[in-house]
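The structure under discussion is supplied below as structure tokens; questions concerning it will follow.
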Amino acid sequence: MVEQKEGTTIVLFSGEMDKAIAAFIIANGAAAYDHEVTIFFTFWGLNALRKDEPVKLKKGWLEKMFGRMMPRGPKKLGLSKMNYMGMGPKMIQHVLKKHNALTLPQLIELAQEQGIKLVACTMTMDLLGLQKEELLDGIEYAGVAAYLGDASQAKVNLFI
Amino acid sequence: MVEQKEGTTIVLFSGEMDKAIAAFIIANGAAAYDHEVTIFFTFWGLNALRKDEPVKLKKGWLEKMFGRMMPRGPKKLGLSKMNYMGMGPKMIQHVLKKHNALTLPQLIELAQEQGIKLVACTMTMDLLGLQKEELLDGIEYAGVAAYLGDASQAKVNLFI
Amino acid sequence: MVEQKEGTTIVLFSGEMDKAIAAFIIANGAAAYDHEVTIFFTFWGLNALRKDEPVKLKKGWLEKMFGRMMPRGPKKLGLSKMNYMGMGPKMIQHVLKKHNALTLPQLIELAQEQGIKLVACTMTMDLLGLQKEELLDGIEYAGVAAYLGDASQAKVNLFI
């Protein structure tokens, strides 16, 4: 009898810094306990994977507009509460550093070092006009079927 | 030894179009992989099940007000991000059609065709003053106990 | 062969009354079915555990500000939808009482009576400057590792 592998999957749907931090803290914790961990980035969650700098790409009008209006990378995300026109995220980053806790970019780096599978949802990339060149290097690309395959094998499955 | 049935349950609490789309894409994907799938609609998620047209019903003052203020059906839901006074949902619908992806009403239809169990939470229906006549035909009605029964049997349980 | 214990865990990340009510209804339902239930309060979810009255404590400037700006206890939480500057929560509380449903403070009390493990996330308590004296009596304190331990044993794991 083969024992079921311990696994954890997280769908990161939300594009807010506090939710992304929670997702990565759980994911990094699970990886430290030797779980196989997948984070599946879809909809606004994809913004956490964007590179800081704009990438020159051929895009239609609507895709360009989406690209400009959505936050570019983990440092630019807002908060789900107490955002105060962008003051909130600055306060949270200040507080994280004061407590020697990892900031979101550092949590993402740690996740990659720990071998956490970061998967960008190709369907929502299409919808929002995001292209591979704009996203972090070293991530995977897949659809909902791949997510469901991982989730069926995992014990802990969260939607954030 | 009886093998555990593959199952997926989703609590749809949120009343936003993007979250409902994500819920139905995951649910329809899981059903395509032969999972038993249940979506349990509670609180604002119930609005995704409302019929487009108002239904004449005897209601108290507060129930009438809730009924008027909440979005009537899947086409009227807002977005959790970039709603822009209702422009956002129109853009998303445009983009879905452009990419030959299913819109929310189509995803709901597909879910019913695939035999996904759509369950309206009777307790929150009471609270919000929603009656069966106002909701989609062919759905089920149950409470949290029924949800927990399904969730205990399922591998993938999400709260959206 | 040892049978797997039925367990349910909920991460309560959100600080809104409607989401906290949903979390406690599911948790209390699961406890009634004899599940081992843990609610792990993190980020804004911690506000549901705060005492109604301010507690005199030595705090830094930023911690004091967080303490003042965040809602103090379950009666002060807003709604995720239709908050209307605080009118919404009052309407929901009115509707709960009208239907003889439990209000959030009553749901929390019931959870404690049923032996549901209420765990405050120590890491986010630090970040938000919340101290044990400000939170409900009889709760536990732990980090993400303890949560993951419980979640790995549970069948139903939700992030709310």
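Per-chain numbering from 1; labels A, B and C assigned in written order.
As a convention for this text, a residue touches a chain if its C-beta (ideal position, glycine included) is under 8 Å from a C-beta of that chain, and two chains touch if they have at least 3 such contacts.
Model, not experiment: these values are computed from the prediction.
With chains as nodes and touching pairs as edges, the resulting graph is complete, every pair of chains being joined. Under half of the residue numbers at the subunit B-subunit C interface are used by both copies of the sequence. Distance between chain centres (mean CA atoms), subunit B to subunit C: 25 Å.
With touch defined as above, residues shared between interfaces to two or more other chains in subunit C number as follows: 157-159. The touching residues of subunit B, when paired with subunit C in their complex, are 11, 13-15, 42-44, 62, 69-70, 123, 126-128, 144-145, 147-148, 151-152, 157-159. By the touch rule above, subunit A contacts subunit C in their complex via residues 6, 8, 18-19, 22, 25-26, 29-30, 32-33, 35, 80-82, 91-92, 94-96, 99, 101, 155-160.
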